[in-house]
Structures are given as C-alpha cells and as structure tokens.
Amino acid sequence: MFDVDFILGHLNYWLFTVLMMTGLYIVVAKGNLIKKIVGLNLFQTAVFMFYISLGKVTGGTAPIFPIDMQIDPTVVYSNPLPHVLILTAIVVGIATTSLGLALIVRIREEYDTIEEDEILAIETELVRLENKELGDAMGGRA
Amino acid sequence: METNTAILLTMLIPAAASVGNLLLRNHADLRDGMTLGAAVATFLTVLVILTNVGNGTTQALVLFNVFPGLDIAFNVEPLGLMFAIIASGLWILTHIYGIGYMRGNNEDNHTRFFASFSLAIAAVMGLAFSANMFTLFLFYELLTLSTYPLVAHKGTPEAISGARTYLGILMGTSIGLLLVAVIWTYTITGTLDFTQGGILRGHIAGPMVAVLLGLYAFGIGKAAIMPFHRWLPAAMVAPTPVSALLHAVAVVKAGVFTMLKVGIYIFGIDFLAETGASEWLMWLAAYTIIAASIVAMTKDNLKARLAYSTISQLSYITLGMALATSMGALGGGMHIAMHAMGKITLFMCAGSIYVATHKINISQMNGLGRIMPITYGAFLIGALSIIGLPPLGGSWSKWLLIVGAADAGQQVMIAVLMLSSLLNVAYLLSIVGRGFFWPAETTEPPKIAESPVLVWLPPATTAFGCLLLFFYATNLRDFLLPIVGAAQ
Amino acid sequence: MATEHVHVARTFVDHLPILVVLVPFLAAPFTVLIGSRRLAWPIAFLASLASFLISVKLLLQVLDGGVISYHIGGWAPPMGIEYRIDAANAFVLLLVSAIGTIVMPYTVQSIKFEISERHHTLFYTAYLLCFTGLLGVVATGDAFNVFVFLEISSLSTYVLVAMGAKQDKRALTAAYDYLIMGTIGATFFVIGIGFLYAGTGTLNMADIAAYISLHGTDRTIMTAFAFIVVGMGLKVAIYPLHLWLPNAYTYAPSAVTAFLAATATKVAIYVLLRFMFSVFQPEFLFEMNAVRWLMMPLALVAMFAASLIAVFQSDLKRMLAYSSIAQIGYILLGISLLSATGLSGAIVHLFNHGITKAALFMGVGALVLRSGSSFYARIEGMGKVMPWTSFAIVIAGLSLIGVPGTAGFISKWVLVQAAIEQGWWWIALAVVASSLLAIIYVWRVIEVLYMKQPADPTPREAPLSMLIPMWIMALSTIWFGLDTELTMTAARAAADGLLNGFTMGGH
C-alpha cells in the first residue's frame, strides 16, 4: 500500500507540507491577531525551507569555490540559487511581519482588543449604527 | 453652404444652444430668444441641405474611425432628411409653445428644461443623418439620456418614478437587445453601413433572420411595440411641451425611423419579403395597433389617452416596415410626417387646455370647446388627420399602408387598419364632441378663457400643417421614392 | 511577427526599461530622508511624471510587435535578471504610470483632509514604493522578480490603506485582513514559482516557456500552474477570493482608492495573463480546461453577484468597490474565451475600466472632502452644490454602464463580439444583462446627486487641484470611447503577442 521508499525519499517535502498547512491552519483558525501573524510566519518559513531543500544536490557540498580558485571538476556543489531567493524572501517576510505587528499595535489602540471575534462584534455594531442612520446596505463583510 | 458642413451644423447649433442656455441662465428673455434663433438657424440649415441634395443620397462624411469598419459617419438620404425637416421645423413651434407654457404655468428650472431640450434636438439631428447603425446607436442612446432630465423635470416622486421606467425600459432594451443585434450584424457582415437593398443578404439565413429582426424590433424600445411600450405613458409626467415634441415627434419618431432604417437599409425590403422573417412582426404590430387603441378608449386622463394613441400609431409604421413591400415602407415613411404633425397638434392642445383650466381629465372637460374654440378646432383637425380622413394628411399615409398590405396579400391587415380608424374615431372625436356639444360643468369659475396666444398659436399652425400635408402628399411620396429604390 | 531588439545597453534610451522602475524607487527613500513636507509632493510628482514619459517612449517602441530585452547589470539571462518589454506590459506600464501621475495633483487637497499632517511625507513615500512595485511587476521578465516587486507594492498598499484610519478606524482591520490574505496569496505564488523552478531549472519566464514548449508539462509544472493562478487570483480579486477588496477600497483614503482601483488589480491580471499565456502557453491552457470551466463560471458569478450587491449599497465607495469586482469579472470572462478577440477585449477593458474607476473614485473623494462622507444619505443633492464634480461622476458612470461614446462601451462591444464569434450566445447575453444591473446602480447615484435636496445648498465646488485630474480622467473615458486607435492597437498587439508565446532567440 504505502511505497516506503517514495515517502522516505521525499521526506523533506512531506515535512514542509505539514508545516505549511499547520501555518495556514493557524492563520485561519486562531482568533488572536498576533497568533495569525505567527501562523503566517510558519507558513512562509516552511516555504523557505522547501525552496532550500530543492537546492540540495545529493552528495553536494557548500557552493563556495576554494580560495585559490583551483576548481576541482569532480566536486559536486549544491545549487546556490535557491539560497539567494530565500534571502530575499526572508526579508520580505520580515517586512510583512513587522508591518502586521505595527498594524496590530494600532488596532489595539483603536479597538482595545486584538481578538478577532471581539473586533468583529465592535465592527458589526458600527455597521448596524451606520445602517440605522444612513440606510440599509446589503452584504456583510463579503 | 456645403452639404457636409451643413450636416455638422445641424448638430452643433442645437448643442451650442444647449450650452448657451446654461450660460444665460439668469437672463430669461435673452436665453429663450437665443434658443429660438438657434431653432430657426437649424431649420434653415436643414433647408439648405434640402436645396443642395433634394432626395438624393450623399457620400458618407466620416468623423471618427472607432473600429476598423466602424465609423461615426453621416450622410443625407430622403427618409433621414424628411425626419430632420420635421424635427427642426417643429422645434421652432414647440419652442415658442414651450416659452408660453413654462411661463404660463409658472414651472421651475426653465434653464435645465431648455438646455436638455436643445441637446435632445442635437441628438435627433445626429440620428437623422447617421450613415451607419453604429452612429445611429450612439445618437439613439444620447437621445435617451438627454430626454431623461426632461421627463423627470417636475421632480415629484411620480416624475422620478416615471423617469425611472422611461430610462429603464429604453436603456434596457437598447443595451440588452439592440446592442446584441448590432454587434451580431457587424460580426457576420463586417460592416454596419446603411445600404440600399440591405447588407444581410448572403450572410444569414433561415429562422436566424427572424431572430435577428426580433432583437432589433424589441431592442428599438422607442418604437413602443408591445410589451415594451410602458415607457410612453410613464413619460407623460413630463411637461406638455416635452410630450408634444419629444413624445409625439422626436423620441418616438426616432424609434420608428430606426425601425424603417433597419428594415430598408440593413435587412432590405426584398430580403425581408423573400425570407418572410417579418411576418411575426406584422402580427405583433397589428396587435399593438388594436390593443393600444382599446386601452386608449379606457383612459380618462387626456395625455394618457394620447399616449396610447401614439403607441397605436407608431405600430402603423412598424407594420409598414413588416409588410416588406415598397408601398408599405413608403406608407410608413409618410406616416412619420403625417402622424408627427397630427399628434403634436393634439398634445399642444392638451397642454393649452391645462394652461387655461388646469384640467387633465376628459370627464372634466365638458363644454370647454365653446370657451376655447381655437384650441378645440385645432384638436378636431389633428384628430381627423390621425383618424385618416380627407382632406387631412393622415389619409394619404393610411391609404399607402392599405395598398402595401394588399400588395403583400395581407387582407387581414387591411381590416386591422380600418378597425383602427374606427377606434380612433371613438376615442378622439368623443373628446371633441364633449367639448362642443355637452353642457359645461355646473360650477365653472367664470374666468376660464382661451389660453395665451403663445400657447394656442402653435397648435393652430400645426393643424393648418395637417391640411397642407394633404395637398402636398404626392410631393412627399415622390420625395421618398428613392428609399425603396424607385426612380423619380 | 515579433522581432527582438536585443539591447546591449549603451545609451540612456537603452536603459529605459530599468529606469521606469528605478526613478520612483530612488525617489521614495529620498522623500523620507529629505523629510520636508513641502518637498514631498513635488518629488513624488516629478518621479511619477518621469515614469510616465518613459513608459510612453517604451510603448511607442514596441507597438509594432517588437520586444525589448534589457539585461540588468549586463548579466545575460537566463542566469541574470531580464526586464522584457513587449506590447502587453508596455500598455499596462502606460496605464499604471498615467494613473499614478494624474492622481498626484489630486492627492494634495484630498490627503490634507483625510490623513493627519505628520504622515504626509510618509504617505508620498509609501505611494512611490507602491508605484515602484507595480511598475516592477509589469516590466520584469524574471519570475521571482515578480514576487519581489509584488510584495513591495503589496506592503506599501497595506500601509496606504491603513492610513485611512484617521477617518474610520476600520481601515486598520481592512489593512490587516488585506495583509493576511495578500501574503497568503503571494506565498502561494512563490510556492508556484518554486515548483516551476524545480520542474524547469530556470526562473527566466522566456526560458521556462521554452522548456515547456519543448518538454511539455508534468505534474510538478501543473501544480505550479495551480498555485500561481490561485495566488495571483487572490490579488486579482477573482470571486471568491475577493473578500479583502470591499473593505480595503471603502476605508482607504480616497486618493489611495483612486490609484489602487485603477492599477493594483490590473497589474495582477497582467501577471496572470503573462503566466497563463506566455509562460504556460495556450496549448497547455486548452488541455487544462481549467480556464474555461473554472474561470468562466467564476467570472460570470462575479459579474452578476457583485453587481447585484452593488445595487443595494448605501455607501458610494463600497458600491464602486463591488462594481470593481464585477468589472474584473468581465476581464476574466474575456480571458476565459481564449481567443484573440476575447483577449484583446479583456486587455482593452483593463485599460478602460482603470481610467473609469480612477475618475469615479476621484469624484467620490471630492464629495467626501465637501460633505464629510460618501454615504448616499450625506451626498444628496450634491449635483447642485458641486456641479462639476457631479457631472464628472455622471460621465464616468455612463462609461461604467457602457453607453456608446464612452470607453466602457468599446470593451463591452469587443467582449460581446468575441462571445458571438465563438458561438457562445448566452455569454454575450450575460455581458449585456449585467450591464443592465450597472444601469441600476449608476442611476441610483445620479438620482441621489440630482434629484434630492442638499442639506446645505451653498455651492462648494471641489478645489481645482482635484477637479482637473478628475476631468482629465472623465474626458479620457470619452476620448478613448471615440478614438480607439491607441487602446485597440495596443490591446490587439498585446493579445497577439501573448497568444504566440515568447519569441525565442537572441538572449
């Protein structure tokens, strides 16, 4: 039934997929805004690791030429490109996280809470007052 | 003046008048005088085109090229030129009437009224001189949009609601049905130019021709075929000068004019006859003629009765096109002129009665004929023209339609036209009868008299026009002959 | 056919593809470092104007079907990053930079009212960064570069949206929701890029296309396609991935919405087009059937559901947001027809809708400036109080409906024509039927503006700096409705270029 070789051979992909989906689940399921950011980070980090693992060549060594530039043609190097991409992506991830956290600080200032359901309740109340004063509108948050 | 320049002027002058109205908003007399001057200038420009071209057809004047094969282009041909003459000529009269009506009735927002009116006339001119269906569609929509403020003019909830119906039905049919028909035509033929003999021959066959015709016929909402006729009575919330010019002359005539252009220059009368695609439309038009007349008989509100009468009369023209014979098409074309003259008389009389007495229901208008003889006299003449009795113009167009029906072998249609005349007698002459012969209402305030001169003079003039048209009908028929490919 | 001009960059003109992105990119930190509130606007305006002029030059160069390939740093692709300009992205570059430049004068008065003063410099910085990001996404020919610039633009967008918090604190949660959803979308996109890299070994879009046309697709590449489409779909606001849009557009400052509504989703659509057609190629799409059977129904749902919801709104900004979702549905419908006419209809509507919505949101912003709110109940009778603004809204509204003589009509015409050509009758009828819904929601606005009595009838027109950009956009909707040479030629060229895939050779 299970092809053990297949699973073990692609172990890294399985692990990273589990991590990604865990992160995604946290974003969706958790109500606390900071926890959502945590989940997002988990999701993104899993993607980074997925990329990096793509670059690993079996039997490959670190992709750095020897200092005297005597390049041995038989040496197998791992692919450095994914590493480069991930450095960029990590920076993007940091920027996103910090922006998210800054927004949470401001939300805390305005709403006094960072729980999604409480914020929703406050906003629903605001919308209800608006509708009462200014006319009914169709469609909730969608 | 060169014809092409004249064509552009006929649109630019009313458009400029529209802007002028906005600029002169605070100088009422100057503003109204300027618009009158513009109306006269437009009419004279159209007459210049008449002298230059006669009933020939000119080369298209291309303004913009929008898509390859699709331009904004104008040309002169007999049907369009006739429509332009009627619309610009009657604008002068209606403008005089409008001045009198708006001031006599103390209506508000004169500037907005006259500005929209002028813009609507500019759209009518563009429509009359369109060289292809694309340009016509553009000005058709422009006409709907520029008349919307006129229908909603009074600003009352009824006016707004009526204007919504007006816009909803007209834009709904034009974007939902007419546009599809136009794009379909373009996709299969590669052009939309109005051509003698039509452009569809060879590109479409079988039941599809009837479907395409259906999209056009129902899409031209301004022709008020049932069931898309509701906008006409809804638009009666507009002040009477609007009803007079636009809903007796410009808007509805734009609808049936488009219907004729589509039948003659897009499909081709012979193509329609061969494929028999328009037979269903003939029956629908016949139904509308009779049904609208019957409804008209039940209406007590004078303008509503005239509205349903218009719906019925418009279907005469649609019937003319659907008969797919030369006489039918000619009869339809002539009826545009005859009905315009007759109906505008009737509507202006209705407005005249309103200005003098503030009455809108026929049951309240007993004995008024004796107090307002000129108005009622004009009404009588207009009614006789609509009914189709000599010596008024309407008799000629009716005659041609009957001949067209005979040519097509549709004896039922002859019966329909005759029956319709009888119904017209019932619902029109009864008004005149009540006015002249019935005793007046018991409590009449003594100071009702004939309406101001600016208000009774235009309908009297158009009534005289109905008489004139009878004597010049042969000239008109000969003028229109080229549209069915016959030589002079 | 497309001829490739390979530029070994020698002269200033040769560097244009990178300069179009670089000028605003450098202007952004420059604005912050100078720190002067008075200089922030001029710097931002000059940078946008420079980008606009450059994109005009680029469009003129590629309109005949040519392709400009620019190697960043002189490193040759596929190893180096390549900026690749053809008719499709030059057209989108033109749209983005034009909107960005024209909205600039508008922002002066608008943000004085809607954003607190100490944030103005930062506003212009974020604006320039967003502008940079959008331009970079469009100009680049490298898949990962798309992600980088996409995130640059997205992050600055979240900041810009959040700046509406002075008016309504819900801007913050709107920005947060947008951040979460947008990041998930971008991450999906980068997963897709990763799979593509794993499957083909290269990141250069032209190279990937070559690989796919040579070797066909396998499961990895198909998975990549799925992730990329869903990821970008979120940015495009395909129904049902549109949930961030109404709140983000409603609560953001009006100038921001005017800019974003016309550009952000359009750029995302461009990325989708580029990947679907140039990289994965039409044969693959026909095989996949996903486009026809997934995208078309979703597009139809968007057109009707969003239009219907728009009818029942009580806030003009929110109504326009839902209308945007519906209009994006039209664009997706054109794409899903998978024909040259359908594609050119989609691309021309991308442009026409951009200018229409820019005009409308600028009009709304002016109304907000004078009445304090965009709710219908608060803008009653504004037709008398602000006649010029209201009339601009009417013109742009007519373009939204698709009245002949306006840009919206042209796109509707091409889309219906594309549907009829393929024999999809009911699609043609669906397009016109949803236009009828548009008549209802636009006419509601017109009735509110003109048929009601204003609370305060003193005439208070919007300032000239807001009226002029608004009217430029409104008049351009009429201009591009009558003179379609530029838009249709560019759209046709773009559609042909996309359908023929990347031309190879000459790296």
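Per-chain numbering from 1; labels A, B and C assigned in written order.
Rule of thumb we're sticking to: a contact is a pair of C-beta atoms (placed from the backbone, for glycine too) under 8 Å apart; a residue touches a chain by one contact, two chains touch by 3 or more.
Source: prediction; values computed, not measured.
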item: Topology of the chain contact graph, where touching chains are joined (line, ring, star, complete, other); value: line
item: By mean Cα position, the chain sitting nearest the middle; value: C
item: Interchain centroid distance [CA atoms averaged], chain B/chain C, Å; value: 45
item: Whole-Å gap between the CA centroids of chain A and chain B; value: 67
item: Between chain A and chain C, centroid-to-centroid distance (C-alpha), Å; value: 26
item: Chain A to chain C touching residues, read off their complex; value: 20, 24, 27, 33, 36, 40, 43-44, 47, 50-51, 54, 81-82, 85, 88-89, 92, 95-96, 99-100, 103-104, 106-107, 110-111, 119, 123, 126, 130-131, 133-139, 141-142
item: Partner chain C, residues of chain B touching it in the complex; value: 64-67, 72, 134, 137-138, 141-142, 145, 152, 155, 160, 164, 167-168, 171-172, 175-177, 179-180, 183-184, 186-187
item: Of all residues in chain C, those that touch chain B in their complex; value: 398, 401-405, 410, 412-413, 416-417, 420-421, 428-429, 432-433, 435-436, 439, 443, 447, 451, 482-485, 488
item: Complex interface listing, chain C residues touching chain A; value: 144, 147-148, 151, 155, 158-159, 162, 165, 169-170, 172-173, 175-176, 179-180, 183-184, 187, 190-191, 194, 197-198, 203, 243, 246-247, 309, 311-315, 318, 322, 373, 375-378
